[in-house]
Amino acid sequence: MRFFSDNAAAACPEALAAIGEANRLDTAYDGDAWSRRLNAAFSALFEREVEALWVSTGTAANALALAALCPPHGRILCHRHAHIEIDECGAPEFYTGGAKLLLGDGEGAKLTGETVAALADSVRVGDVHQAQPAALSITNATEYGLVYTAAETAALGQRCSARGLRFHVDGARFANAVARLGCAPADLTWRAGVDALSFGFTKNGALSADALILFDGALAEATRYRRKRAGHLLSKGRYLAAQMLAMIEGDVWLRNARAANAAAARLAEAAGADRVIHVVEANEVFIRLTPAEDSALRAQRFDFYEWGPGEARLVTSWDSDPAHVDALAAAIRAL
Amino acid sequence: MRFFSDNAAAACPEALAAIGEANRLDTAYDGDAWSRRLNAAFSALFEREVEALWVSTGTAANALALAALCPPHGRILCHRHAHIEIDECGAPEFYTGGAKLLLGDGEGAKLTGETVAALADSVRVGDVHQAQPAALSITNATEYGLVYTAAETAALGQRCSARGLRFHVDGARFANAVARLGCAPADLTWRAGVDALSFGFTKNGALSADALILFDGALAEATRYRRKRAGHLLSKGRYLAAQMLAMIEGDVWLRNARAANAAAARLAEAAGADRVIHVVEANEVFIRLTPAEDSALRAQRFDFYEWGPGEARLVTSWDSDPAHVDALAAAIRAL
Amino acid sequence: MRFFSDNAAAACPEALAAIGEANRLDTAYDGDAWSRRLNAAFSALFEREVEALWVSTGTAANALALAALCPPHGRILCHRHAHIEIDECGAPEFYTGGAKLLLGDGEGAKLTGETVAALADSVRVGDVHQAQPAALSITNATEYGLVYTAAETAALGQRCSARGLRFHVDGARFANAVARLGCAPADLTWRAGVDALSFGFTKNGALSADALILFDGALAEATRYRRKRAGHLLSKGRYLAAQMLAMIEGDVWLRNARAANAAAARLAEAAGADRVIHVVEANEVFIRLTPAEDSALRAQRFDFYEWGPGEARLVTSWDSDPAHVDALAAAIRAL
Amino acid sequence: MRFFSDNAAAACPEALAAIGEANRLDTAYDGDAWSRRLNAAFSALFEREVEALWVSTGTAANALALAALCPPHGRILCHRHAHIEIDECGAPEFYTGGAKLLLGDGEGAKLTGETVAALADSVRVGDVHQAQPAALSITNATEYGLVYTAAETAALGQRCSARGLRFHVDGARFANAVARLGCAPADLTWRAGVDALSFGFTKNGALSADALILFDGALAEATRYRRKRAGHLLSKGRYLAAQMLAMIEGDVWLRNARAANAAAARLAEAAGADRVIHVVEANEVFIRLTPAEDSALRAQRFDFYEWGPGEARLVTSWDSDPAHVDALAAAIRAL
């Protein structure tokens, strides 16, 4: 029973159907009917004009966004446990041409305005010996399954504005954050001062399709060239566009995220406050497990990641089998 | 009636079925059952051990291959009309860290050993003021629809060996070349001294799936890291692997390529030697058309690229409708 | 007797004296009294406000200028024999993050407006598959010892303006061009639409000191960071600044260039129109020599570069010994 | 009275004389008589064959060394206060093509073997999501004026060897370390497993001349190309080579470093153990100063850097005026 990664989830029926639909002949690259509808579809979702570019991975979306927001001699502020620092093998450094990441701490992989200010203050302003802070990147929902509220995001946006920083959100699990908060996507992005969003669909039921949303249209032109030279302009990108359109329509993206969040909530409830390490606000549950408990769960065929000594990560997804969730909840209770 | 690009072709039934098959749950990134079978499947196809990495575009495969074969201070020899020079927006320069391309001429976008030698000779050997030749990259089938035979490839391989050059083949239409020549894939690659092959499936009926084949296993480790940091390690790459496996099985890749080649041959025959610009050996037909002739064809709803003044490019694909091919052949004859 | 390179010339007395002067204690990096005077000194020379940055090589000046003017996905138009293409081992590609050079032809390594237009036209406008033209770079005096007049430069500047190209001048021998033309430095630069100039002092009598002159002040800030991260912010840069100031004062730079030009003119006259390959307008003389003639000159201990079969390059410098020039002129006449 | 930086020191008489000497005509780039003697001179100094390349800054030497030792997808372990992290504006990231730095802690900017092991352990071995540790870089003498002994260096070298890491020493103040320890340069470098050394002459009395010493000859070829494309191959590099040769001869480099170290020792003694923050082993003295004490010293015209709140950095150099040192020592005692 799979609880180790939402990347291992299947593609949802709407995404698969869209692929079939896109298999009717059309033009290549992003000149097709589906890709041409993306800007409008995302603009409607975000209640303002945006530029939307499909890419096939979240790492590509993040790296392209950061290259648009930070010069080679700049610095990107992020959490010490941010995906862009921990799990992308230097993609931001590669795409930006060698910018530096500046790492901050915070419970649940969340940064506060104070931390952002302190990080920025740690660099000597205007001293050419030091790459200058150029952008802030946060992850919502975070790598530990917490969310930034609209107010928290706006507070960070104000810090960015005050410091001359551009603002990026890694939204590999943006759907889970929106589903949790019940707010408008705009509230977690441009209304809060966000310049670019990596909007993940892959973990949430698409086959391999993420969107890079640029709220500053001026960033789009250069980014389109960067996407091509990075090898991320798919000649058959219409299949990606079609999936996203299908998942936006009828709020499939929210339905999927709600299902994943609900499953995680049930696991968290079963585990109880003492065992849970981070507040569970999205689709990830981090719990304490003794080696014996870990073995006991695995013996019942539950599959999950060990996350440091005595810690485990349980990830639910849009297609988590309710019976499996029930079984795991019961098994955790029985520990 | 579509003759403008094989990138606009549909995904073939076997590829689509494989996607459905891969939609059963499995692990993420390239640890899944399908991805783990790629090395073996391609090793069987190439009659020796190879390392096979899926990527989602031919540009990514090319750029990763060239980064493996050429240092930042090196130079890649290629044809003036090579895709890596003309249509990749500087991807080789980006991935290699700023290597230079050295451009040669040759009929039909083919390079000869003499041209390669002359290009290499144009650089002062060992002079640090000049980026030194490090790799040769050819495209087979070429951008103009010609093929390099096994003997021609081996002759180039010998030049590479003599000059200390690594050897890359851009095989976006490798299937069309193999289908045309009827030789073993090995004869067009490692037996001829090729170090790395971009093996295209996308134009030949996959959804968005190409393979980077490394004949020198020592190149694989660094390339796996490069793929990740370029954002090309798909968390759901199993869908790519499954398509390729399905297309290798039962020689679907050859069947598809033969269909495309045959359609092109019929068009070429209809056009006749006087009208055809480049010998037609794969799935592209370049013909001379007066403006009036061009308009006449378009008026009959044939869709194709103008390729410079008075020239048109007709591209067939695995799914070219025989009725459309008949119609176009007849229309050309009738000009 | 040395005629092979002006890089082999000595440092002139004024430069050496300035080094001694700068050896009085002062602050480090570019916060010293000399460096702080550079902007004003060059602004006076160019009759408008400029930003002047010392660097220790012409390649560094060129590469920093091009990185300021061309994005990673852009293209730099230049002559096929430009130093940035031929003799910098990919420095522009390294500094820009992988931009491409687009090469044109023209007598004496000079480009015309028509060639620039044709080069720009060879790229499909707005097509993300092709790195777009972003900058023009010319060399004045050229690699073959010709000069661009103020009118020629302005004509190119107008092409740049019309095409949205930034404009760079590699002025490794800018002094020789100004000395030849007798015009204001402004006429060969910003008045003609030039954005950045690599102003060489090294070949003209400095120890190792060139200036990067930015006519667009907006380029300066990022360039200062780029200079540092390229390792070109010398902690003792005051010695570079002092040399330049000393050479600007009293027009030493012009005196030196005039001496070199005059020596070249005498050699050219001695060689005669039939033997001279390129019009001699600066301090380089390219002549035809049979192998026997070549040997005859070398037997008389004249040292110079062979420049392709049957061709030789003679370079004079600020300190060319008049007796040596006389001797070489006589020897050439005697051939 | 200057105690703020050894970069502000003058050039020593031997270096100036060498410049005069090199002003006799010779060939360009590194083909001159002086540059050709560097390998032999440094090989004698290090008691084994080495490759020595002049560059004009320590940042250039460091960045070239790291590019030789660490691939773009690798990671460089260093101290959190290392110059390569704090004061080079991302030069290592630029030259390596986007490698990451991994920061450790340690008193006096020194790393221990345990810290190096812990840093290496913090990365998941062989996981392509994480840039892998490739090199260790230490600074000797450190940024806080401490030295690594031969034994300490060798212990780190063994860790490197065990972990497959290459080993770099930033020796901007290598002379001060050797002068302090009285050991052979070899003991602090190749005998301890060091692959590359940035050997600083600039802070120690040269005009602008540092050496990159490669103990692994295989690194030299690529590095020579990298130096050129970084714009660090000076056409008049003979002036750099001449200075270094003059400072090696007669052990001028050691004499200079000893003078600086002795001056620092006198200041440290005057300050006393309570006021001194880091053990003083080279030419830097970090002391605690109240704002009133700071003002008192500055009122007596002593010039130095504030180094965080309540802390000051005093730097001595080869040419520190003994009278100034006496005066500062007395002034500190009188606080």
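We just call them A, B, C and D in the order they show up, numbering each chain from 1.
Simple rule for what comes next: contacts are C-beta pairs under 8 Å (C-beta built on N, C-alpha and C of every residue); 3 or more make two chains touch, one makes a residue touch a chain.
If you're wondering where the values come from, they're calculated on a predicted model, not measured in any experiment.
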Notebook entry, point to check: What is the chain whose Cα centre is as far as it gets from that of subunit D?
Noted result: B
Item checked: Between B-D and C-D, the pair with more C-beta contacts -> C-D
Note to self: Report the inter-centroid distance (CA atoms only) between subunit A and subunit D in whole Å.
What the structure shows: 42
Checklist line | Chain centre separation in whole Å, for subunit D relative to subunit B (CA means) | finding: 49
Check: With chain centres defined as C-alpha means, what is the inter-centre distance between subunit C and subunit D in Å?
Finding: 34
Next item on the list: Would you mind listing the residues of subunit A that make contact with two or more other chains?
Entry: 72-73, 88-90, 93-94, 97-98, 128-129, 131, 225, 228-229, 233
Note to self: If every chain is a node and each touching pair gets an edge, what shape is that graph: line, ring, star, complete or other?
What the structure shows: complete
Next item on the list: Enumerate the contact residues on subunit A facing subunit C in the complex.
Entry: 71-73, 97-98, 128-129, 131-132, 222, 224-229, 233
Next item on the list: Write out the stretch or stretches of subunit A touching subunit B in their complex.
Entry: 2, 4-5, 7-11, 16, 19-20, 23-29, 55-64, 88-91, 93-94, 202-203, 207-208, 225, 228-237, 239-240
Notebook entry, point to check: Of all residues in subunit C, which touch subunit B in the complex?
Noted result: 72-73, 86-90, 93-94, 96-101, 128-131
